[in-house]
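Letters are used for the chains, namely A, B, C and D, taken in the order the chains are written, and counting of residues starts over at 1 for each.
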Amino acid sequence: MNPSPAGEASGSMHFVTDQNGYFADNYLVKPATGLRSWLYTLDHKRIGVMYLVGVSIAFALGGFFAMLIRLELLTPGPTVMDAMTYNRVFTLHGVVMIFLFMIPAIPSGFGNFFLPIMLGAKDVAFPRLNLLSWYLYLLGAAIAIYGMVYGGTDTGWTFYTPYSTTTATKVVPVLLGAFVIGFSSILTGLNFIVTTHTMRAPGLTWGRLPLFIWGIYATSVIQILATPVVGMTLLLVAVENAFGWGIFDPARGGDPVLFQHFFWFYSHPAVYIMILPAMAVISEVVCAFSRKNIFGYKAVAYSSLGIAFVGFFTWGHHLFVSGQSVVDGGIFGVLTMFVGIFTAIKVFNWTATLYKGSVAFTTPFAYFVGFLFFLVFGGMTGVALATLSLDVHWHDTYFVVAHFHFIMVGATVMGFLAALHYWLPKITGRMYSEGWGLVAAVMIVLGFNFTFIPQFLLGNMGMPRRYYSYPEKFWALNVASTAGASVLALGLVIVLVYTLVAIRWGPIAGRNPWNSRGFEWMTPSPPPVENFEKPPVFTHGPHEYTDEDPAFPAPHLAPEPKHV
Amino acid sequence: MNELLRRLLFLPEQASEYARQVDALHYFVIVTTMVAAAGVFLAVVYFFVRYRRRGIDDRTPFVHPGFIHEALFVVVPLALFLLWFAIGFPQFVRLSLPPADAMDVYVQGKKWMWKFAYPGGPSSIDTLRVPANRPVRLLITSRDVIHSLYVPALRLKMDALPGRYTQSWFEADRPGRYEIFCAEYCGTGHSAMLGELVVMPEAEFDRWVAEQRRSELVASAQDAATPADRVLPAGNLVEQGRRVASEQGCMKCHSVDGSRHIGPTWVDLYQRREKLKDGTTVVADEAYLTKSMMDPAAQLVDGYQNVMPTYQGKLTPPEVAALVEYIKSLRTQVVRSGPSEGPAYESIPRR
Amino acid sequence: MSDATVAPPQLAHHFESLEKQQHAARLGMWLFLATEVLLFTALFAGYGVYRYLYSDTFQQASRHLHTWIGLTNTLILIVSSFTVAAGLDQAAKGKGRSTFLLFMFSVLCGVVFMCFKAYEYTHHFHEGMLPGRYYTFEALGSGPGGAIFFSLYYLITGLHAFHVMLGMTVLTVIGLRARAGRYTTEYFVPVELAGLYWHLVDLIWIFVFPLIYLA
Amino acid sequence: MAVSESHAESEKLHHSHLGRYVAVLAALVVLTVTTYLAAKVHLPAPWNVLVALAIATAKGSLVALFFMHLWDQEGANRLVFLTSLVFVALLVGLTLADNATRFPLANPPGSTGALPAPEYVPPPQGGATYQR
């Protein structure tokens, strides 16, 4: 609890910053600035930044396809494309958003950047593996996009057999692309686990780890254990599609439901690969902007592991109407109820963290509020969906679509945006425009509600998902959804614009513009190449705001952001 | 109350007792979800107002949760979720286990249509006729990829798996017409794979079945009987069409049982997408059917010879309309002789 | 590094000590092995399900395989695993040359294993015991189980054979490096990791053998 | 702590294990022959597989514990391997449980317990045309 001796706690104090607080010899310019120095870099921060650029492009691409879908659904009949094109577009939307954006976004992007820094380490345990993982991501993305552009895929991102093994479109490249990206994901997870186990700085016990690390660690566990299964499964589908010797083909006695088991054995935990990192970010943001230690550190930390573990026991709730046995349905149904508990624990603890805090309403905090609301509503509708008799009505309708977008967009993207705003000053050394940030946040949260709340109602009415045309009674709500999506998209474009402006022309942020006591704020912004001059020594956990702490000098040392 | 909540939540009609029970759970679940989401949101707002930041370097106390807090955080939601499960699971079990006295209907999904067959009785396409207040078991299968039979009004959905059967059942208690959707993505025609559930009063249904069986007999006896022997119900376009078809000799080349003859079968011809000799496709709508009677060579279906004479001048416009109506009538219910689909249905064990 | 002692040459810049680095490498390898296990799991789960559904066909099918080849291959892999373990023992004593010889013996075992496998596959091709669409073997009747058994057979043994070849490559490279004296009594973790990989290949075969050949 | 853990691991490897290896090798050979012979004995339905799997598990444990040194290692590495085995059991167990307890007709026709095949025509490769 007591602050560590100055200088011990932050070896980085010796780094020289200019009078604005900008550290000139940072990782962006050292060891060199050329393209080659980026392509061959082993620096986890540079790899993280490359990932962030990559996933942002994927997000924009996926968002573009989302808008095409919403445009097509503006009228009940054909609007701007034919059915085949529509099927390809929603497949593209799913594949790009899930495999190219959601799964790598926070762990590989922000995780790569901040995990070693928060551990007080110089790099991840296997820097070369880290770079390999980035190139595997690129390779997988290239293969998948090749398949989608030349031939397209019309199976949906779920690749259900026997549709995926008999369709005329090009499925194999997309499957292989997803397979390769899976390996990229495994390598990242492996690296993070080993790094967390072996590279913690002196004094950083498990009980003092920042909650961001706990979240990323739990994510990595899922990545390691689940991804190989889906890799094999996708390979089986590819082999069946290309050579006709898979094991799911009903014409040869195969069981298509077995594919669904294998697929969801990965893809349900994969949902937690996407949401756990967002929860991890939020755990940092809520502490930083309420200047409070987390309420129930152990509960939040262990619930991440709980989600990772119990998340594996629930995949069958995607199969309630697939011909799965009633016994399995019951088992999976009741186990799903338990996974909801861990999320509930986190939600209550985050809320309670604000108690007796000092709450500042900034852009990241706005996203925290949005995140919390969406997570509760999306999460509870998820548990509702696991209530078997209700699922029978909702399964494969827009209710499900709305539910997982509440989690994936409502929670994960809010987490991503919160992380982007919270850490932009650390990554780039520059500050975004808080005014525009709040405007965009409000637009995104409202636009999001207008997009997806009508979809809940559409699902209740019984509109199945992946419908190209629909009866006229679904029209009004679809128009509302498209209108909401436009607001959401506009908000995201605003974020993109002011972020790009901030990176180039934003005011210098200084070491710690939020006056936060997360460990990553101990080093200058942007951080130097090996993060710290010598490993910091930790004497207490993150986000303790009870006393002066020499590791986090008082704000007058890092005053209001200044323009250069 | 039920009606108000149903409309507020945009739920479709409730055509069975089961649907009403599920909806009751639905209201409970959604209301608790909204209360929880609103509660958390309001708590955040309250804390924000109460503990607003005063200065950039505020000090805050180090707060430790008591055991009771964490226990409450776990127990309250867990109890709630398990309660949902405890209500929902028995409903699901009930839906999964048909009663022994249920009437069987075989359902076959196929790109992109539904076929319903009654043991020993008629079969139909896209229209499922069932009696009210009588349990009906659906034995669902597919010919190609996975489909999913979805009747929102019954809160019922079951996947159709290729090459094997799944089962579900219902007991509709409100006569009427309800939508059937395909809920599992199955290709370009997925959203057009629509059907209709017609719940008929019991007596009416029995009459309908008897009628179907009789007309089957009539259809099989038709070759022997001469048209003049038959009493024609006046004013019924479909019946007139059938008569015209017999008189004009259409049946020499076109079948009404789905088999391939000199010309394409009329079963399911209406709205069928036909591939033509020149490689293009055409949808067999009223215009195409009429045109084909007048100028058969103009749009010849691929795989058939140009042997049909023109009926220009041989048919009056009302007769043409009657023929088209007759062909259209062959779409929704295929009159076929012989036993219906679904082998060994009698030996299917119930669980 | 500002440490007082001179850092050993194998120490990467971001680790504080060689021991920690080796600990990290070992943990990383175990995590990798876990992913390998789960990679095979999908196939084993598929096997389990179809073995349950088509138990008679699967039993008959396994009788049409050469059990003696399966048995011999099992023994070969066990022996090769032993020599790899012994090779690690030698490496720990700093005897790089005997590590090399022992590893080469294991690679030789791998070659023999692959030869048997190739012989077996050739035999199956002639009999029409082929996967999925190409299945023409008639001795199992017309039921659907046979094609699935052979799909699984080729997928499992093929994936395993791929791992054997990877393992042989790894053992060769590490063996050569050991002979060149790259490892010391303080630093031989690559030898250990290569060994772990080979043992895993053995471990998987230990389960493949009874499931496929003795089912 | 990680440091002491890694230290202990390295220490143990420095002892010679040759004797132990020989014993394990002998045990493995004996078990392999046993499993081969056990397969020739005719046992009622599931027992043959169960016996074979039990022996395989014993062999696998020997390899993992002694050849792969899990016996000497601590904490994380053991946990990793054990966890992966838990998930193997999970996937195999729950998928099998599904097939074993399903509505029998929902299992592939021709398989044990299911009824003869209903009409099924596999769709033509790439045949995404209207068949209506």
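The definition used in the following text is that contacts are C-beta pairs under 8 Å (C-beta built on N, C-alpha and C of every residue); 3 or more make two chains touch, one makes a residue touch a chain.
Here the structure is a predicted model, which is why all the values come from computation and not from measurement.
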Count of contact steps on the shortest path from subunit B to subunit C: 2
Geometric centre: closest chain by C-alpha means: A
Remotest chain, subunit A as reference, centres from CA atoms: B
A-C or C-D - the one linked by more C-beta pairs in contact: C-D
Distance from the mean Cα position of subunit D to that of subunit C, given in whole angstrom: 14
Subunit A and subunit C, separation of their C-alpha mean positions in angstrom: 35
Distance between chain centroids, defined by C-alpha means - subunit B, subunit D (Å): 44
Inter-chain centre distance, subunit A versus subunit D - centres from mean C-alpha coordinates, in Å: 33
Interface hub residues of subunit A, defined as touching at least two other chains: 162, 166-167, 197-198, 225, 229, 249-251, 253-255, 257-258, 261-262, 323, 326
Junction residues of subunit B, two or more chains touched: 96, 144-145, 161-164, 166, 187-189
Two or more partner chains touched - positions in subunit C: 20, 23, 27, 31, 34-35, 38, 41-42, 45, 49, 53-54, 143-145
Chain-to-chain touches, reported pairwise for every pair that qualifies: A-B, A-C, A-D, B-D, C-D
Contacting residues of subunit B [partner subunit D, same complex]: 96, 110-113, 139, 141, 143-145, 161-167, 187-189, 268, 271-273, 275, 281, 341-344, 347-349, 351
Residues of subunit C defined as touching subunit A within the complex: 2, 12-16, 20, 23-24, 27-28, 31-32, 34-36, 38-43, 45-46, 49-50, 53-54, 130-135, 143-145, 147-148, 151-152, 154-155
In the complex, subunit A residues that touch subunit B: 1, 83-84, 87, 154-156, 160, 162-163, 166-167, 250-251, 256-257, 290-293, 295-296, 299, 320-323, 326, 329-330, 333-334, 337-338, 340-341, 344-345, 347-349, 351-352, 354-361, 369, 372-373, 376-377, 380-381, 383-384, 386-390, 392-393, 395-397, 457-458, 460-462, 464-471, 477, 515, 544-547, 554-555
For the subunit D and subunit C complex, residues of the former touching the latter: 2-3, 5-7, 9-10, 13-14, 16-18, 21-22, 24-25, 28-29, 32, 35-36, 39, 45, 48-49, 52-53, 55-56, 59-60, 63-64, 66-68, 73, 76-77, 80-81, 83-85, 87-88, 91-92, 95-96, 99-100, 107-108, 110-112, 114
Subunit A partner contacts - residues on subunit B that touch it in the complex: 9-12, 21-22, 25-26, 29-30, 32-34, 36-37, 40-41, 43-44, 47-48, 51-63, 65, 69-70, 73-74, 77-78, 81-82, 84-85, 87-89, 91-93, 95-97, 144-146, 148, 150, 152, 155-159, 161-164, 166, 179, 181-192, 194
